[in-house]
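What follows are several structures.
Shared chain: chain A. Partners: chain B in the first complex, chain C in the second.
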Partner chain A sequence: MNPLHGKLGLKIAIGVVLAFALVPFIPDAHEHYLFFYLFLVFVNIIVAQGWNVVAGYTGQISLAQHAFFGIGGYTTALLAIHFFEDGGSYFNPLLLAASGVVAALFAIVIGFPLLSKLAGDYFALGTLGLGEIVRVVLIKGGRATGGSAGISMSPEPFETLMPHYWVGLLLAAACTLVVFLMSRSRLGLALMAVREDSIAAAASGVPVLRMKVGAFAASAFMTGLAGSLYAFYVFAVSPGGFLNLSWTLYPILMCVMGGSGTVLGPVLGAFVMTAVFSAGNVYLPGVHPIVSGALIILVMLFMPSGILRMREGRRRRAKTGQQVEKGSQASGVAPSR
Partner chain B sequence: MNKRGALTTIAAAAVVATGLGTPLWAAAAAPTEIKIGAPISMSGLLAADGLEQKWSYEQAVADVNAAGGIFIKAANKKLPVRLVFADDQSDPSKVTDAMERLIKVEKVDLILSTHGGDLNMAGALAAEKYKKFYMITTMWPHDWGPKKFKWSALFFYDAAGGAEVPFKIWESLPPDQRPKKPALVVEDSPDGQGFGGVFKSLAKKYNVQFVLDEPWAMGAKDYSAYILKMKARGADAVLLFGSPGDSITMVRQMKEQNFSVPYLHGWKGTWPYEFREALGDASDYVLADGFWSPEYPYPGAKELGERYTKQFNKSSTSIGMFYANAQVMLKAIETSGSLEPKAVRDAVAGHEFKGTVQGDVKFDAAGLALITSTANQWWQGKHRLVYPTQAGGWTLKLAPPWNQRK
Partner chain C sequence: MSELGLIAELLVNGVLFGAMYGVAAIGLSLIFGTMGIIFLAQGAMIVLGGYAAYWAFRLLDVDPYVMLFLLLPVSLLVGSAMYQLLFRRAAAMQDKNTSLLIAVGLSFMLESAMSLVWTPDPRSITTSYTSSSVHFLGMNWSITRTAGFFVAIASALSVTQFLRRTMIGKAVRATSEDMTSAALVGIAPHRVNMIAFAIGIALAGIAGCTLAATYTIDPYFGFLLSLKALIALALGGLGHVGGALAGGVLLGLIESGSSYVFPGWGDAFGYAAFLLVLMFRPQGLFVRTVTKA
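What follows is the complex of A and B.
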């Protein structure tokens, strides 16, 4: 067993999280763009881990993460302006939790009909449609949702980015821990069984639909939390900003690049891809979508299994090569190149 | 993850950390220039507007620098102005990202706005958070005003003022030329419905009745049903609120069905140059909303329009407003002699700025200045200013039937 998968790995992970938690104590750290970059990374980790649960572990490609992100953000903003007019909404844990819960409930309500009838590409397209429905409902919501302009909260409580940073770090670490524990539990095994072969899983007694819907809801919960956290940062939620498809596509890219269906893949992907997008935006303003698009193609071409699975892939290829060589030696035929 | 993987991750994080900007411990250097930032929509849906805005800001700053810069008391000399842009990708949630970069990486002193209501709301909120002065144009005052922002100022027209323009134009016409049976065709969107509501309330005020008032399906390919209804009801004017693509389709199909109205006034979709390019001479007589005109008699307006036309071979009804937005900020820096956001903001709120390319711009104590929305008639590929009326300026031409046009 690899020692980094055991207690040593856990100690390293705790050390890394603690090290990140101490970053705000560096003088003037919160005045630096790198600090904001880390905050963005944490938000992306949360959303990417959400997608990792439903797609990476359960094999259900969801394209509705932006809808859950938007629902989370709007839940926070609506509760803040209607029930906390006298203040007290800022980083209120109730609002954060409510945002995750509302997104999860929405996923459950939508998930049962979608997942009982659709799978694979059809499920992915269904969830894409879901995102559009939420966007149009929010635009057509009139005064209740602020229409196309959205809703804004008072930025009065904002002093520094530190609370956002710490809450982001805490939520990113918590989501990663949940995925870690899940991947080592019977539940994780059941989800992976559904991913690999849902008929075989059902034959083995796994409640396939409940597993799929549960993973979809857990994914929505995490993404809703991220939406809430981001709403506390921008203080304004709008369909254009929170229902943007990039809140679905970028986390998928992060997962795929890092390694979907792994615990640390989305974390690694979030660090690298957020850096690439931020650097592209800083150094290539206006043309960075070209860079991002090219990067997506390159990732799909050369790292379809993600960074964390590259070694695994190489090992598997080497093993296959050895087996082929052995077989050909046994049969006396030279392997073709 | 194995050891090599962990080391790779740490190395990648280190590369990222060093690659993203200045060190965490960098000390602030003494300013030798005035650094102004602007989040601009350089990519995404609003990129065309964003590039006009970027060009206008660059012209305003180039003109000030050509005059030697701006005197700053603390430096006891004139300092040159440097503009720094950050792409907001036409996405409100990315405006805050752009603002972070401008404030934290570029360390800008002051910020000029991006374009559009929800984007500018995000920008104004970020300015409040970081206490940086944000000089805004293109945002509805009814969205900005109730927020009582302390770190921004706005100059733009209000929705009612913009929607009242056609009624004022009609009043200025001889009674026999005034439209009797106008049709209201507004896109089925929140903005369209919002604008449509204002048109309808103004119609009551001006005692006008619309012969057709139906939401306009966005992105449809066939508008024959609307055109047939307008024809059947004898419409003699059309107020059209929709995207450039939809507006082009509507006018093209009106021509195909030989339906012409003397007065066709569009919002949102008829001002871009692509409208003219797509329709050619069929765009003549059509009116478009606008923010500004090179035909304004204000100092520098004509020259700015000529400069733009020379460079891009087309006209614009926006650049002057963006240019004036920068002019106001630059003049406020000059007045205050400071780069302190509060001092510059105080030099804007409650003050009047004379001689901008947008005319004299007067801000109230809250930092709001209302300007007039323009109406421009397309004529041989140029926007000609119809409203506000200028002495010796362009006179509105009512459109003859299609078969009588040259």
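What follows is the complex of A and C.
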């Protein structure tokens, strides 16, 4: 029994979150680079958990996360400049919630046709196309979306990074909690059944399409929240910054590295990968994408199922015996299609 | 020029540029067919080939179309090495995320390495004939674009013939059809994968040379090119060489046509066509047989 899944684990988790919540009270903590690093980690945890829900648990590889991130950011910016001209938009929970909801609604509207028609690689490719369409629409949106320059919000309310830190921590913890509760519920079981074998799941009475769309929407909701939070940090949303494919690739990287389809894998992945990217930015400016790229390759080559899954994988192999091993060696390549 | 002439020229350019998408798509198709990997670094490899041609031209004064043949053996070797080093293990896994992410990592690495070596400024090869064109059928045909088109056709034909006539080509086709059965009749999957991968990279080299000879390249152009190749692949149907080329040409037409009617929206129309085809004709537009075991 993994201690992290028991009652003790929950207590530890609450303790850790509280400890992080107290960090800003350390004098001058908010001026340290590590403080900014932690904020980035929280944003990344939210997007990584978003991808985890739809791809890790439900098995639908979405490559449109940057679209949801962008929709979240743009919703926040548009609402802020149109309805809160006199201020009051800064960290307004209404804006945060609206950004998540708009992204989720978009996911539902687009999810039914896409998910009823496409599965597997085709769904991944379809979502990739979807993200690009959203990007073009935002660029060509004219006055409404500010074109390729995007929309700027007033940076006036900014004083310190503390509200970002706390809201980020709260949302990251909440998303992780949601994933945790989901993974132990009937709902989570249904999602995993869809991932493992959607035909068998349908035969057992799982409403497969609704499950997939639901997971897609939940994923979009989380990612939209992260987009809104990030918009409050940069105060300017633009297609280049928000519709950037990195917002799809990084969460995948973090999930896969930590272990996708696990509760804590994305959290671990977010901490590690953000550290790598930040350290690269500080110590190797200019060269660091090369290092990051090399690191991605190395991780994939040597721990393809993530850090958390390594133990599990070893155990599973020991249990299911050697036929699997032998079988995959004989053909050299696992029969996939 | 008359409106009609302009449209004709636009369509011709769409076809000529689309052929390049087609070459990239053939490479993707071979790799996808055998290994089931979406090789997102294909575009970055094309741009790398373009920079190789650029350097050969600037430093050694080698014509890009000569470089195309010089690059061929090199890129075959690079492709084989890449498969052995990076994809051999990942290709054997059920989980295709791993190989997708390796390709993404490779793409990142290449992009930033290229912008370090050649700076992010756009580069182009200017030969004596780059801007010249031939007047034919009442239109101006740019020499480099037309040459690119014929290179694309030649590549597609040679790959098709290779797949049809040679034993290794048949093994590649058998593996794309059914991996397990192919292994059962004695085809070594890794060898076939390696060959398919090497040809894919060689096609990237070819596409890179013609691209650099015709247009400007920059280090970050690769990813967009990968996406376009994917669209072309989906339009033409996964795993069909001729279809991939036709898909590329069709995408070029869609883009140039729609950007004439709605300037700036060309990309969106390309992606929309991609989505629609994926949803309603996932086997591709140019494939007659629907059932495939």
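Everything below uses one rule, namely that the second predicted complex is superposed on the first by the 312 of 337 C-alpha atoms of A that agree within 3 Å, B and C clash if a C-alpha of one lies under 4 Å from a C-alpha of the other, contacts with A are read in each partner's own complex, and residues count from 1 in each chain.
In this text, contacts are C-beta pairs under 8 Å (C-beta built on N, C-alpha and C of every residue); 3 or more make two chains touch, one makes a residue touch a chain.
Predicted model, so just to flag it, every value in this text is computed and none were measured.
By the touch criterion defined above, A:I61 reaches chain C but does not reach chain B.
Contacts of A:P289 after superposition on the shared chain: both chain B and chain C are touched. Of the two partner chains placed by the overlay, chain B and chain C both lie in contact with A:K140.
In the superposed model, A:L125 lies in contact with chain C only, and not with chain B. By the document's definition of touching, of the two partners only chain B reaches A:A279; chain C does not. Once chain A of one complex is fitted onto chain A of the other, the partner contacts of A:L114 are limited to chain C, with no touch recorded for chain B. Contacts of A:L301 after superposition on the shared chain: chain C is touched, whereas chain B is not.
Once chain A of one complex is fitted onto chain A of the other, the partner contacts of A:G9 are limited to chain B, with no touch recorded for chain C. In the superposition on chain A, A:F84 makes contact with neither chain B nor chain C.
Residues 139-140, 286-289 of chain A contact both chain B in one complex and chain C in the other. Across the complex, chain C is touched by residues 61, 113-114, 117-118, 121-122, 124-126, 128-130, 132-133, 136-137, 139-140, 245, 249, 252-253, 256, 260, 286-290, 292-297, 300-301, 304-305, 328, 330-337 of chain A. Residues 35-36, 38, 86, 89-99, 101-102, 104-113, 116, 178-180, 183, 188-190, 193, 223, 227, 230-231, 234, 264-265, 267-268, 271-272, 274-275, 278-280, 282 of chain C touch chain A in their complex.
Residues 1-6, 8-9, 12-13, 16-17, 19-22, 24-25, 42-43, 47, 85-87, 89-94, 96-98, 100-101, 104-105, 117-119, 121-122, 125-126, 128-129, 143, 147, 189-191, 194 of chain B touch chain A in their complex.
Put simply, chain A touches chain B in their complex at residues 2, 4, 9, 12, 26-29, 31-37, 40, 139-140, 142, 147-150, 152, 154-156, 158, 230, 233-236, 238, 240-242, 244, 246, 264, 268, 271-272, 275, 278-279, 281-282, 285-289, 307-308, 311.
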